[in-house]
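Pasting a structure here, questions to come.
Naming follows writing order (A, B, C and D), and every chain is counted from residue 1.
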């Protein structure tokens, strides 16, 4: 942590900062320049100490954190890639894993048709929402427990592990008893109560990026899951909010190499929620694989025109099958397989 | 809702859209232009119908929603200003209400000193956090139940109603049994489970804006509270995330007149979390009052240098007293009082 | 264009809007709903008429534009893909074109080494900046005319057409007399005087996206070039400004399919300026090709450590050669070649 | 400048960084921690040295700039507030200066009516656009030279100095020969050729903030003007691009105290372009004065319904007169006058 003193800061002001640092067991090195003094604070936990503690002192111009605030999610903490096991399917290895299915579980017929289609096309994990976080209280909120039951039925029928979202700490136990993997949605990335409870479950967790959170905040949120002893965490980039209005969210493609550099956790991409439009999904999905994503989360609906939620971003079974062929070629070109 | 057909869309494609609209009991008017056909869909609930339902049809170029997705929070629904009563203090009337106190309750001494100072300077509601949503699991998480007890002690001692944050649906009952008013933080604006439970409590609620949520999404989130029959809702602008890095968040000053135009709910402003720096708080607070805010939420700490959380954005008691004098002058200049 | 009247707007208010529309030769269709009246305005030029003209009328709630404001750059105007010819190299066809070279021309030796390296690795157009738009007046501003002369020397030596930036309308003639293709930088995307003059030159133009401009604004800016009768325009996505701070700019990968859908112009991607860091360039470059980009603009420096400008984002010759091999594989996987 | 070495960086890697720093005449202090080495580079010009120069070295994790990149615009450079004189009206002193008039000069009658109205209501500088930078080439581009002539006519008639925009370096001489003060628009904030030429003119300059530029970039752009020896520069905040869509741009109210802290230049605010809607202008204008702005730039049109450009954001003469009364009260409440 670097504390820059103001031009003309007094010796007493510098001393007060040094004193405070020592009281926190930090190493201190003074850099006395011609114009100003810069104080370097050293110690393994400077990533977790709030910069405010020093910025508030008289005579301080700025405080800059050098260490990252996240710890357990960092590649420094765990240099080797983490492999996540979801019901026998491994994410983070050579294979690019495709998780597909409807945005919301709507009915047995709809879910079974979707499951059959995505299985046939080569997806290995089934996705489907039972608890839906909706922006308006007057929208369809999901089939909830009934949806979970239908998902397990589809798992048994098609032999695919299932991933589904949990939105309330109170539901973590319930959802964990049905699902192979929990999903924490974008709006809940910093729902720390939910993260803590999900971390305590024995399930792997897909942690979606908050649509306006930095990668640093995202990895720090992952620390909440990891701190509970659960290292089975997958990061899912799903688009960030920008000024561009031709898509729902702008997929942050550079998040993939940045995460690979700074973290040991597997990274997947959800092109469907980013684009908000089925016609843009193939280009984004191929880009994600080319950039090094370990998997994809894609919405497929047997009949998008009848979807209760997010029909426009859902692929039809035939579009999905065509995309899977294209993705296989791209994966191969970067030394991986699907 | 306006459905724009593609240039060259077939009669059948237009008919399919019309058919779908009729099946949803919407009125339909066709506008056949020289280049393209535009279909207007009419009906009171077009604000709640997803645009995807039509955008997915072949031959559709775009779907534009004209009605807002929020309902109960809109000024159309309730043309008269809502007045909120927090333990006898009314928000939304002629008076500009100042709520002040420490970011986090740290100890009895700290809280009592803060309460005494803000009361003396003219604040009428005491703020203080007992449950703290922290971005890192390794940071101080608040005194929790003990913090709530200290807050009620301060209330009894100084005769000020108290507002405090709730972060978990499971805690709503507990926090409601202590606090005069609940606060829902920025990161929980779209925590719909929490909103529903807070709406069910009999307490007034301060709903902070998600730092990357639009005003439309904010008012739609307020609908979750209002839908539970609780109309005692205050909206709190606290800064939005932008590219500007000289502040923590950019206070959206125009949110005040926009909300006043589109909603009946009182609007307050938190300059402390926006600025992230005490030296910027006075200018922003005065601007908020000049722009028509019904109140302010300001962080005050008896000794900012010793604060465990957010010390840099906290005012000292003397800075706060000086600001209150300045705010009284500005309030008077726009026909209000503090 | 859709004009939504306020609930309770008077007949006279509606009539005034209708009258105004008729005075502009627009077709009008009234949609009288139970709550409110919506007026649809029809006509080929509604994309160019300011919405303000109607929004200002009493009784109007909102005005929504359905037609796009750009015309000549739209796919509707020219359904067939435009192919650009830069000194014999065609952009927009089956081949993915790689333009590479140093950020700034620094010296003859540096430029010749860079040109030789990129040519050998398979790039077909040489890039290099002679006029550098720098954020600070105290930074290196480029070799200017001397830089242009060195570029033509490299062209002659290595047989590669050259592309270079022009920043001032006064320099368009000069730069055009040296360069095969002009580049208009991100900060000048809405420098309309420069666009007009560049459009008048007989050179093809690479128009970089303003780092905070929407795709709609970008295509409308391209109209300035096209309106001068110059259809040799290439769009270059180079990253947009977002809140994410791990990169200089966030590359907007979905811009590629969005542009392909809405425009006939070729699309290329500059991964170097987006990432700001050489280690992220390969992942982004591969993603761009997988998403359908027609070309790449990549910074290569014979000795990045000695670069006067943007050394961190420059690839070394050996890194570039390795990337070219990877890009060939990705291009092939999506049915193209390099 | 702080260079953080990677964990495990070799002694040679550290030495190379130190060597490079010494070759640039920078002071060096090594901070060898238990985990990693941090190198502090000291010297008066570290604000202008690109961080890339060090970031590119092997073994470097990150480089953080402590000094600001701007120099002449900084308060450190010139601790005393700069006062700008525009034809006898001073900006930056006790008085809050209101500059008002139409967005575009449309005709003699329109301009004279506007000038008369704003003069009567208390504005002291007349604004009006003769050269209009329009996003589409098919929109009205301003009366150009004829507009300048009308402006001088209005100046003579009403005794008010005039400010008008210049968009092309080639026009600086022409516009300077008519106008008392030049305006550089948001889209040209980083048009460095234009800045240089405007700096060379003998006119004071209003430099509007680029709608997606940071305050640091803005002050660095101001350095281009100041570097030409012209210290008569006014900064104008006019809204930044965010995700919020209820306004055209979000006015960055905290820019006012941030600029007052970091720069000596006067700060004015344009509420009209930010809001994009006349009904929001009064609240924002009052907020700006309360926050400490030295002036306002407000669009007034004698008949907004007939405006050729930006009618919706223009105040009518009666609305403007009412606002001026309100502004006088707010100015007084913060110890200033209008």
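Simple rule for what comes next: a residue touches a chain if its C-beta (ideal position, glycine included) is under 8 Å from a C-beta of that chain, and two chains touch if they have at least 3 such contacts.
Worth saying up front: this structure is predicted, and the values here are computed from it rather than measured.
A.B. asks: From the C-alpha centres, identify the chain that is farthest from chain A.
C.D. replies: Here the answer is chain D, farthest from chain A.
A.B. asks: Once you count every C-beta pair in contact for both, which comes out on top, A-D or A-C?
C.D. replies: More contacting C-beta pairs are found at A-C.
A.B. asks: Using CA atom averages as chain centres, what separation in Å is found between chain A and chain B?
C.D. replies: Measuring from centre to centre gives 26 Å for this pair.
A.B. asks: Roughly how far is chain A from chain D, going centre to centre by Cα mean, in whole Å?
C.D. replies: Chain A and chain D have C-alpha centres separated by 38 Å.
A.B. asks: Between chain A and chain C, what is the gap in Å from one C-alpha centre to the other?
C.D. replies: Distance between chain centres: 31 Å.
A.B. asks: Do you know which chain B residues sit against two or more other chains?
C.D. replies: Residues 212, 241-243, 245 of chain B each touch two or more of the other chains.
A.B. asks: Where on chain D is chain A touching in the complex?
C.D. replies: Residue list for chain D touching chain A: 2, 4, 7, 27, 29, 31, 33-35, 38, 40, 42-44, 62, 64, 66, 76, 212, 241-243, 245.
A.B. asks: Considering the complex alone, what residue numbers of chain B touch chain D?
C.D. replies: 212, 214-216, 240, 242-247, 250-258, 260-262, 274-275, 279-280, 282-284, 286-292, 326, 329-330, 332-334
A.B. asks: In their shared complex, at which residues does chain C touch chain D?
C.D. replies: Touching chain D from chain C are residues 48, 50-53, 55-57, 69-71, 133-139, 167-170, 187-188, 190-193, 196, 211-212, 217, 220-221, 223-224, 227, 241, 277-278, 304-305, 307, 309-313.
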